[in-house]
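Everything on this sheet refers to the single structure shown next.
Per-chain residue numbering starts at 1, and chain names A, B, C, D and E are given in the order in which the chains are listed.
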Amino acid sequence: MIPTVPQSSALKWTYRAYVTLFFIYLALPLTVVCAFAFNNSVFPSLPWEGFTMKWFFGTEAPFIGVFHERSIVRAIGTSAFVAVWVAGLAVAVGTCNAFLFVRHDFRGKGLLYILMLLPLIIPGVILGISILVFASSVANTLEDATGLWFDGLRPGLILVILGQFSFITTFATLVISARLQKFDLSLEEAALNLGATKWGAVRQVTLPFLLPAIIGAGVVAVLMSFENFNTTLMLVGSDAPLTIIMFDKLKHGSTPVLNAVSLLLIVASAALGLLSLLFQKSK
Amino acid sequence: ETLRLLTWGGYAPDDVIAMFEAETGHTVEVTTSNNEEMIAKLRATNGGGFDLAQPSQDRIASAQEEFGIYKPIDMSRVDAAQFIPSMLSATATNTTFDGEIFGLPHVWGTSGLVVNTAEASQVVDYTDLCDASVAGDVSYRLKRPTLIGFAYAMGLDPFAAYSDLDAYQGILDQVEETLVACKANVKTYWSGGDEIKNLLRSGEVVAAMAWDTGGWQLNADNADITFVAPASGALGWIDTFVLPSRGRADDAAYDWINFVMRPDIAAMITNTAGNFTAAVDGDAGVNADLKARYQASFDQAAIDNIKWYPPVPAGLEAMEGATLDRISAAN
Amino acid sequence: MVSDKSKLGFYLLLMPLLLWLVTLIILPHIGLFFVSISEKVGVREYETGFGNYAVFFNEPLYWRTFARTAFMSIFTTVLTLLLGFPIAYYIAKLTRGRAKTTLFLMCLIPFWVSELVRTFGWMILLRETGVLSSFLQYTGVIDGPVEFLYNDGAIMVGLVYTSILFMIVPLVTTLDSLDDSLIEAGYDLGGSGWSILREIVIPHAMPGIVSGCIVVFMLSLGNYLTPILLGGKDSLWFTGLIYTQFITRFNWELGSAFGFLLLGLSSTIVFLGLKLSRQSLSGTMGR
Amino acid sequence: MAETADLECRDLTKDFDDFRAVDHVNFDVPQGSFFSILGPSGCGKTTLLRMIAGFQFPTSGDLLIKGNSMIGVGPNKRPVSMVFQHLALFPMMNIGRNIGFGLRQRGVATSDIKTRVGRVLERVGLPGIEDRHIDQLSGGQKQRVAIARCMVLEPDVLLLDEPLGALDLKLREHMKIELKTLQAEFNTTFVYITHDQSEALVMSDNIAVMNEGRFDQIGTAKELYYEPANAFVAGFVGDANRFEGKVTAQNGQIVSLITDGGVELHGQVATQGPAIGQRAQIFVRPEAIQLSKDPTQDADSPNASVRVVDSVLFNGANSMVILRDPQSGETIQVTLPQTGVFLGLTKGEAVFTSWNPTQARCFADEGR
Amino acid sequence: MAETADLECRDLTKDFDDFRAVDHVNFDVPQGSFFSILGPSGCGKTTLLRMIAGFQFPTSGDLLIKGNSMIGVGPNKRPVSMVFQHLALFPMMNIGRNIGFGLRQRGVATSDIKTRVGRVLERVGLPGIEDRHIDQLSGGQKQRVAIARCMVLEPDVLLLDEPLGALDLKLREHMKIELKTLQAEFNTTFVYITHDQSEALVMSDNIAVMNEGRFDQIGTAKELYYEPANAFVAGFVGDANRFEGKVTAQNGQIVSLITDGGVELHGQVATQGPAIGQRAQIFVRPEAIQLSKDPTQDADSPNASVRVVDSVLFNGANSMVILRDPQSGETIQVTLPQTGVFLGLTKGEAVFTSWNPTQARCFADEGR
């Protein structure tokens, strides 16, 4: 079952057919989502009523295009804001964690490592509710004690950012650790040997080496943040990110505006993903 | 100021917002939601995060008792003359808690049946949705209005039993049995106004328990589909204005209230939301078709037969919730 | 590995980790536990007790939903493994260079968009007036519209779709690291495709299989959107119950208890999975 | 070679896209012999071996084992076994299960497998290690386990792809001798590929020198070393000093050549001699050059000259001296006698060198 | 060594937990010399070198560079540079930036860096490759760039940790000579560690043989080869036949020994001789053994005996024969003369061997 071992051609073709079917299965939903963004109908379903760009640029009800739908434009902004913060925090903490786990040996390392992995096996809902419940009780206690308001601990962007950060950091840590593990420590020693200070060596040699992983982790973090639903839903306040808005719209009945947003999302994330891959290739 | 508005879909059309922003200099951020989520959100934020919310009048007092998430309305800042007096006072009564008024009426309407008369003209009451002739082609929500509507259609009087929890539980048990048996008839439980409209429009559903406005909107495209006031009576609701206890933009909130209650604005809202408002002369600018459809659905007898929701006592929703869960789990 | 002098650096690195884990993972879960053992006895009145857990065990609906969720998640996991393994093997072992990168990227692309969009796509495809039903009517396979949405099959399709990447990626990584010469040696010593798969390929891929299964299982168990949107009236899912308690019933206490039960379930099943496959969490997930 | 050879290749050719990796290769390997294929990296050795094992399909030509054509026979059906470059021991099995793998595939009874695995481990000198994991073995032990895993199947031919490449220097020296001993012990036909000439020379009964997909010469170690068929073999097998220049005269088997540095040299022509005026190369082994401090000795030798010591590379019995021609600047390497007599040479000292033209080989330049 | 040495180690010791990796090591390296540390894997070479570079802190002892103690001085403050085993060229920088790295750390002006980088690249024979990426270099070129990166800083001492270990055979041979040339060219003190004796022998002015953390002997290549200080050095440096047995007699410097196989041998004692009756080992280099087919020749030599050919390992100028003592079964390796006279030996043939006792070294067994 490897190219160098001969196989019957029936088997080979069955296998290829299966792989083809699989990729059709993968592509199908996205394809229809994109296609119906151009349907000249208020409903994202058959029959096909003709091609239109109104769902992108339309200004007249009911054909309000994405770019003129305030709630969506605002939600995209909110999502981007959240994503940037989450990615920044997750990458920063992830980089620290990577150095800690790869470079240091200390008591309790194994336990901490397992704790670090834990967010992978905690369902997102539970992360959401636990942070919600905990932040609320802290806020209640503080408010009772001080008489001040602690809005930051109530559902809202700060909690959304913290909630997403709480599990995305694990991914960032894993991605960056994996690369740091491949780092040849003698490169840093060589830098020291050539007269660099400890921090200088890390800055000039180690961090540039980690850069592809850092960028990769950042992109993954942005994408995960953009698409997160389960944790966000529990923590969202008045500023709702895009997925929450889209879910609301979907629940209340969908128009091809949703397809149009989805199409934009697909294009943007594909571009972002490809870009990060290209970047990692070029390094 | 920024007004963070927690409301139903359709209650804050973009053109209204634009006019309001131009006139007052405030900006408006809209979050659309439903009764339960509005309360849940405000409970989670302890009354923060939003400056104005619009739950139905029957859900206000109990939520206030339980969670204390609203602040009283300062009637001196409201232009009371813009409100139809009977609605204003009815809402005030229903939303009073500890001697303070928490709600102002905004939009009212009914829940009843939306029927594709070409396919299912035989559906005239909620229980008809369980008829074998429409098997697989009906839809309703899995929410408390459905329980209440079915109870009436089954000849029971749930509102009368509000004060007697045991009696109410008895009613719920009967309704549960009916709805579990009816489950096979249901295509899907809908949850958003546009969703049920899509289902009806596409023909995937031919009869549904739904809001009147959806039926009228569909009627414009397809004359066969319309809202039917059920034989046992439509359920009447009033959506209100309430101020979350920790809203930060009260000025903007009162400005918004006074703005949207202007007859011209109220008419604009009626035209998008499909329901009439509590604004004096609010129906003047409403387009004639909508009025005609309203009149076609409601003759005087039907209007008299509307069952208006009384305030929900605390604790009732927990019982209803258990019933709804059991229906949802049955198969 | 690092000189003895860097104690300060060590603590500086340790701090963010501890801050993160303690304030966002450990304390919240402890808090959740405390809320879950407070029973509501009246308006704004609470008592400590295990009443919420009792509610769960006394109400067949809750534990049935719990069991259904667990069972369907396990089924999804198995299905995803069976469907994904040949694909991962194909990418890792039967393609080279550019084709390999392309196929791998093609696996990833659907996952660069949100689960919501993907599920939305399936809704457009599967609904009664949707693409599939219309296509089948057009080709004459069926003669009236058929509803493909709103059943367990639709949920499975959606769940598998949503999670298969997380099976394929770790599988591709481990299979990639399997030296072709081991497979060749297997053939050279007279092995057949099947015996090599059983004795060489699968044992080697075990960490990837386990890590993929854990992730897929967790994703299914914790899913909310897919069952809600594709399952319709029979969409009951345990996360849905938790949401309901929090969002439409305002009953955080019961919701917290449900949350803890779900956490217990997932940890138990993951633990059993690791024990059965003789793998460790750090060995499978931490790579 | 009266009876059929264990392995025969007839015009075996393998093309990759636009590139010919193996080019009409012909050879026979008689039963029980140790046959090496020696060539530089990328010359096609692995490709050839993998065709024999069944992991590559010849573009043309035939390949017979014990007289049966193997074209179309799967790798798991051929009576050959292969020791992979990195051994390819199965890390997911212990030693016993590794060695028993092939027998299990044949459906041999479990108890039978146990005894046969035990027996073969004894023969490779590692009795009783069935339960160990492969990580617990040293490099040389792994090597022997890999051979045992093949030999337990009693293959007609054992193929080995640079199996010593990954070992360290001292172990490699040791394993050279050990491999040869194991081959004699099992009396199985070995086909061994390597780019290390000393491995090939020490172990093999016959060696094929491979270059750019073709076999340049097949012969015993001594034939290759003393009678290289062409310039490539002369340069690749063993060390050699190479001089390039133009042929000026030919006298019987001996040609005269003027190097580009202007020095006149003499060497014996191989098979077909270069024409006068043509460019040619002369190869002289470092140990074929005589050193002397006395100018009179060998003064009449045709290749006598005086050179200056550039450096002495002391390396015990393998010490060398690098000498420079004062006139042309060309350097040559000369092996110092094992007696150590010339170890005292110092940089700049003049010494007299000479060699017998019959010990130098001259080849015409191939058109380039 | 009149003036201070570039590098001095005084009782340098390094303990890891319960394990002593470097054990009271003392040595001086004079300016401009090539000093090698030769020892088997795990003997502590890298640990010693890393202490000199400052990456590891001695447990005790002192370490001076140009007379200044380096204890407590950070690795980035020491006037030593290091060529790492895998070179540790920075993959994220081009050649120019790699070589300029150290100068940038010192704050040298950009234009100055440019000229100095250009100059050092010229000196290592790679002018003008500043803009290339390290992937675009061959193994040998990378080696030279790594050296240039250090030399541009004009260090007092250059440390090299098995820099040839990763190269392939032919390139390694070539780089041995090249490294020595570069050292002479820069006239910098080199401290070179390796486990390959031929590297150490060929390149070094002085060699220290390290074993289990200690220095067993320091000397020139010839001293180590011909006058090993103990059995370890005799066995590790160069090939040798080793015989174990009991001392039966001593006659001046020459002792007689009966091997465990019952053969009587004679060898010269090193420094302190074994007492009669004590166990001892005799080492004889393969090239020190004379072969003859004629029993009369050397018959009166004390180590003359008749042996049977076990196998001939043809390897050109380095061919060997393995001979078996018919009586004891012990085998010895003998280098065949480069003239090729004994290449015709066949298995089973009897030959006569002998060696001069002064060419064999005898060491008393250390208590074990």
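Rule of thumb we're sticking to: a contact is a pair of C-beta atoms (placed from the backbone, for glycine too) under 8 Å apart; a residue touches a chain by one contact, two chains touch by 3 or more.
Values in this document were obtained by computation on a predicted structure and should not be read as measured data.
Under the contact definition stated at the top, the chains bordering both chain A and chain B are C. Interface comparison, B-C versus A-C: the higher number of contacting C-beta pairs is recorded for A-C.
Centre to centre, using the average C-alpha position, chain C and chain E are separated by 58 Å. Distance from the chain B centre to the chain C centre is 37 Å, each centre being the mean of its Cα atoms.
Between chain A and chain C the centroid-to-centroid distance comes to 16 Å (mean Cα coordinates, whole Å). Rounded to a whole number, the gap between the C-alpha centres of chain A and chain D is 56 angstrom. Taken residue by residue, chain D touches two or more other chains at 54-55, 74-76, whereas all remaining positions touch fewer. Chain contacts: chain C has residues 127, 129, 184, 187, 246 touching two or more partner chains.
Shared contact sites, meaning residues of chain B that touch two or more other chains, fall at 44, 202. In the complex of the two chains, the chain C residues touching chain D come out as 179, 181-182, 184-192, 195, 199-200, 203-204. Here chain A touches chain B in the complex through residues 43, 45, 64, 70-71, 74, 132, 136, 139-140, 143, 149, 151, 154-156, 237-240, 248, 250-255, going by the rule given at the top. Residues 41, 169, 176-177, 180, 195-196, 198, 201-202, 221-222, 225, 237-239, 285-287, 311, 313-318, 322, 335, 337-338, 343 of chain E are the ones touching chain D in the complex.
The touching residues of chain C, counted against chain B in their complex, run 43-44, 59, 61-62, 64-65, 127-129, 145, 147, 149-150, 232-234, 236, 241, 244, 246-251. Residues 184, 186-187, 189-197, 200, 204-205, 208-209, 211, 283 of chain A are the ones that touch chain E when the two sit in their complex.
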